[in-house]
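Each of the next two complexes has chain A plus one other chain: chain B in the first, chain C in the second.
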Partner chain A sequence: MNATKTFSLTLIFLPISQLLASTKDLDFFDRTLRFFSFNDYSVQVVVLGVIFMGIGCGLMGGLVVTRRLSLFSDTLSHAVLPGIVIGFILGGFKSSFVVIIGAMVAGFLGVTLISSITKYTKIRLDSALGLVLSGFYAMGVCFLTRIQKLEFGNQSGIDRYIFGQIAGISSTDLYTIVISGVLILAIIILFYKELLVTGFDSNFAHSIGLPVEFIQYIFWMLLAFTVITSLQIVGVILVSALLIIPAATASIITQNMKTLLLWSSLFAVVSGIIGAYLSFLGNSLPTGPIIVLCSCCIFIIILFLHWKNGLLLKWYRLRGKEKKIAVENTLKAVYQELEVQRFSKDLILISDLAKRRRVSVPEVCQEIIPLIEQELAFVKESSNPKLRGENKIALSPKGWSEACRIIRNHRLWELYLTNEVQYQADHVHDDAEKIEHILGDELVRKLEKILSNPTKDPHGKLIPSQQDIKRGYMHIQ
Partner chain B sequence: MSDFFPIFDFIDIFWTPWSTPQDYIWNGKIVLMGFFVSASCGMIGSFIVVRRLALMGDAISHGILPGLVLAFIVSQSKALLPMFIGACAAGMLCNFCIEWLNKKTPIKLDSAMGLTFTSFFALGIILIAQFANNAHIDAECLLYGEIGYIPLEKHIFIGDFHLGPRPLVFMGVVLISITVLIILFYKQLMVTSFDLTLSVTLGLPVKIFHYGLMLCLAFTIVSSFESVGVILVIAMIIFPSITASFFVTRMPNILFSTIPLSAFYSIGGFCFARWFDCSIASAMVVVAMLCFFVAWLVGKENGILLNFTKPKTFSKIK
Partner chain C sequence: MKHKSPLPLEIHDLTISYEDKPVLYGIDLKISDGVLVGIIGPNGAGKSTLIQAIMGMVKPLGGWVKIFGQKEKKAYLRVGYIPQKESVDWSFPVSVLDVVLMGRYGHAGWLRRISKKDRSIAYECLEKVNMHSFADRQIGKLSGGQQQRVFLARALAQESDLYLMDEPFAGVDAVTENATIELLRELKNKGKTLIVVHHDLSNAKEYFDEIILLNMRLIAHGPVKEVYTKELLQKTYGGRLTVFTEIADQSTKR
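Take a look at the complex of A and B:
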């Protein structure tokens, strides 16, 4: 299943990449072969880095999105910038370990600031996030522009933290990425229950004696760690995308947390590999944005085309229901028109029907067409195929029993609301208008039993009886 | 590391930039630009913050990038009108996507925002990398901008009268139009911001005001991005009104206090950048953050010092 998914996604992206490659005059197949044969050392580093980053980001992203902390992760990824710059200066522009420590400290300060602002002032969370995001990021830019102007300002290493450059990652960077991926996996497996309960019901977690605040801080530090190790690949601004988008995609597919985490890390890994591949094809393409766009494409595909929750399918089902309801409403109008004439005739004028439906004649003709197609009604005495206001229509036996059923549902429900639920008689129509299309046979039997087979609705109109429905035609009195 | 923090030379920082008429005019333009940007962002921001849309500014300012780049590619120039149209279109599209995802799909608002603007931003960067390589537009310039180059921009003349550099004049116009708009629609903005139900019952076009405000925001971002960068814009949307809210609570007072605060940010940021030798726009934000901390410490409402003995919130008493 997963393999076929990967394969089909590759198929989708191939034409795009081909386009990109052809514009760049690169040997497309040669490079593809080099990428997928997995022999190049640089390709190995990149692919392993992307896979472990995907696992880490996907897992943390699942937790972040379900806790509604998406923008929090965005803030965190901006807030680590001053720490990175300070780490660079302290570590003498070489050690990525010092950079990580610096970033962790900045992230910790940012998180503490956000939580103390929301705790001790009236400032709301969104403003607090914005304050910390822009303030810390500006501080980072301040330091960055400062060291650019200094003599030792060899800042070529820092720039890649802002937009990400996968080609630049060394084997030590790879080790940190792998370690962080494994660490996150291990912590989530070990403390799965605790993370789940503090995320979804912190009051309950508190009452069973869990150290909620402590777990929260551990979670934030883990998040900061994920962000920092992914920075070198996707950059400061886009790292939050890698947390949010795969997890949001997974949240469309499933409601189960474990499945969500699994899918989310899978999506992150897949988009990472595709992104790395595309970036490998066209030399000038920055890796981070490509990976983000890939995961965005996957999101859009899943959002629209997923077999169960996809929007297109939902829209299609909704269209079917809407059509059914429209047909039933027209049938009801025909019945009511017949009822007004005390069932003296079996034909009614289309213009009368239009008046009852409160629409124009051409519109009501549009409504009648599906009725005729489904053989619920037919037009009398007309050689002209186009319907007009002076044409008359009649219900077929099938249409008659259908109309009786709807009206019966409607009036039974109205009666139920007035007699059993004590609604006022003038308040029941709107409710019944909705429920008449949904009531099933079983529920109708129950209603009949409760109301002991009534014959009149609260407005004094006759309820069509079961015999009326079964008889299948109108009896003219 | 030792020379990371330069020596604090009082004369050089506070006097030299203003000593000769040339310096005075040159640096005055920079400070004035900073003031225009902060004041117009601050006034719109006051409404944005009470509507809890603070991060919408962040989202829109990142989301306009592909619009800007496409406009640049199509028109092959940095002319204001195509840039403005492109950015507004992208900003509105971004806004629309966020709301659509939030309302029509199971995606929550925060994820919808994060998802949309990062994707837009990524698209913008790729467009730059692919098509606008040798252009004068790059993502870093968009992010932090360089307010220090303002006096070098093309100057505008009306007849013989020398008005000033183009971005400065334009920003001044933006500030004036925003002030006028806020004065004209003050009542409506207040009621739609604070009591949505009431404004719907009054028959106000709530949607139009929402999108109008978003359009004003996009407008301000576009007219200032080139010289000051989006980070300053995001900061200036939030910082002035939040800082003011530690001292005053009524909306008109908050709006008025954005003016002196903006002036202080602008001058303070200029001096800070002069001392620290860094980007002026980000120095302004750092000054704004320091102001926020000071306000939090000494503020009348919810300040740490004055409310030290008081219970923190009402809910805690219960």
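Take a look at the complex of A and C:
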């Protein structure tokens, strides 16, 4: 199933990538071949990089999103910026190791600041997060402009930490990414229980002797580690997007932690690979935004098209229900009209039906179309085809039993409300209007039992019996 | 003197404060084996805080707690806990069975996986609260009473000797309430000790063997007959002792 998804995604992206790449067709195919044949050393580094980054980000993202810490990861990714710039200067504009150390220090400071603000002041967590996020980020931007004013600033390559540039990663960078991915995977497997219980119910976790605060601290450190190692691929600002989006997508699909983590990392890996590929085609396109856009696309696709929880299907089902309700209401009106005539005739005037439905004749003609299509009713045309109100409508046996069923539901419910729930008789109708469409057979049996098979509703009207429903209209007379 | 096994719970001169405001003041308690105890008091009396202090979740300003003669950190395997329902994120992606299995985590320990035996114990506990047919349901898709029953099953799975329950009857339907009290009595008859925070005065008399009346300090503790009296209840609910709280406030502010 997923293979086809990936494939269709590639199909969607191919034309776009061509536009983005603005290269000749030959070059495009050449590069595609180079990317997917996986022979090229630089391609190998890139693909391995996004795979392990995807695993790390997807897993951590799953934990972050379920713990409602999305904003926290966002803050962390912004807070590392000043650390990166300072690391960049101290490392002589070359060493990515010093940059990572700088980012770690800044991230650590940010986390400590947040926790002390919430602990020692009355400021709440969301405000503290916003405060640290903007403060650190502003500091980072100031440093950044200083660097770019220096002579070699523009060639320094600090851009790749801001927007991510996968082509630039070295094998040392790859090692840190792989180590971080494997480390996260190992920790989550080994301490799955502990992470689950602290995330769900920290009070209980405490009561069974778990060091809750220590686990939380380790969790934050892991998160910082993930953010920092992913920086070179997706960049400072968008790192949190890669944590949040795949996990949010996975949470549409499942409500089980293990499956959620699995899907989340899968989505992160897939969008990483597609993003890397597109970035590879376009040569100098920033990798980060493209990867994030890919994960957004996956999110949108799942949000609308997922077979169980997709919005499109929900909307479709809702439409189906609305149509069914409209049909049932028209059937009911036909029955009521027959009832007014004491079932003396089996044909009623369309104009009478329109009056009962409180709509115009053309409108009622629209309403009965689905009835005729579903063979619930048929129309007998009058001699003058122009006067549609003179046409007559009759129920088919199927339509008759449907109408009886719906009327029975309505009246049984009204009776239940008045007799058992002690509603006032004039209050029950509107409620029954809604309930009649959703009462299942099982509930109807229950109502019959409670009300001991009644024959009349609270307004004194006859409730159609099971026999009436089975018999079909023609035999009632 | 004869050697006696240590009491399930002993508290001596326990004082607790939140942000310079004392919540509990000089609590002394001794609870013996095999009793069902209700903690009763008005809102803000420190009932939950007392439970959390026994579990070692809040650090006391003074005094100590001993569980079966040991410090609370050493005795956690012998203590089962039901937190307040509101303290949990019900949209968290865990199933009913997952939650009950958490009751076995303490027995499994670090780095150890949940065994088959743990699973069958968890399942049995779910059956006891009549929730086994919901085992795979996501925890948020249950009614309030059902959620509380899952918490009860988790506590049962802990197989503890002392149970601390924070408002297990809050927001619960009558069926669940009756089933819960039945289960609690059954546990008591097996010699377990149960301490339950309770908010409903009207049925406290029938539910418990002993009652603790609490309002920032211990008003009374004893068998229902002796403690459930008009005077003592009035003392518990009849407004705060203003001078007492003021002085207590100032003393902790330094």
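The rule is simple: the second predicted complex is superposed on the first by the 390 of 477 C-alpha atoms of A that agree within 3 Å, B and C clash if a C-alpha of one lies under 4 Å from a C-alpha of the other, contacts with A are read in each partner's own complex, and residues count from 1 in each chain.
Just so it is clear, contacts are C-beta pairs under 8 Å (C-beta built on N, C-alpha and C of every residue); 3 or more make two chains touch, one makes a residue touch a chain.
From a predicted model like this one, the values you see are computed outputs, not experimental measurements.
When both complexes are overlaid on chain A, the residue A:199 reaches chain C alone and has no touch with chain B.
With both structures placed on the common chain, the touch criterion links A:370 to neither chain B nor chain C. Of the two partner chains, neither chain B nor chain C is touched by A:310. In the superposed pair of complexes, A:389 makes contact with neither chain B nor chain C.
With both structures placed on the common chain, the touch criterion links A:90 to chain B but leaves chain C unconnected.
Counting the residues of chain A that each partner touches, chain B and chain C differ, and the larger count belongs to B. Using the contact criterion defined above for the overlaid structures, shared-chain residue A:208 touches chain C, although it does not reach chain B. In the superposition on chain A, A:190 makes contact with chain C only, not with chain B. Residue contacts after overlaying the shared chain place A:238 against chain B, while chain C stays out of touching range. Shared interface residues of chain A, touching chain B in one complex and chain C in the other, are 68, 251.
Interface of chain C with chain A (complex): residues 52, 55-57, 73, 76-77, 79, 81, 83, 87-89, 92-95, 98-99, 102, 105-106, 108, 110-111, 114, 138, 140, 154, 158, 164. Contact residues on chain A toward chain C in their complex (touch as defined above): 66, 68, 190-191, 193-194, 196-197, 199-201, 203-204, 206-210, 251, 254-257, 260. The residues of chain B lying in touch with chain A in their complex are 1, 3-4, 49, 52-55, 57-58, 62, 104-108, 110-115, 118-119, 121-123, 125-126, 129-130, 133, 139-140, 143-144, 231-232, 234-235, 237-239, 242, 245-246, 276-279, 281-286, 288-289, 292, 296, 301-302, 304, 312.
Only residues 20, 65, 68-71, 73-74, 89-90, 119-124, 126-127, 129-131, 133-135, 137-139, 141-143, 145-147, 149-150, 162-163, 237-238, 240-241, 244-245, 247-248, 251-252, 284-286, 288-290, 292-293, 296, 299, 303, 309, 311 of chain A touch chain B when the two sit together in their complex.
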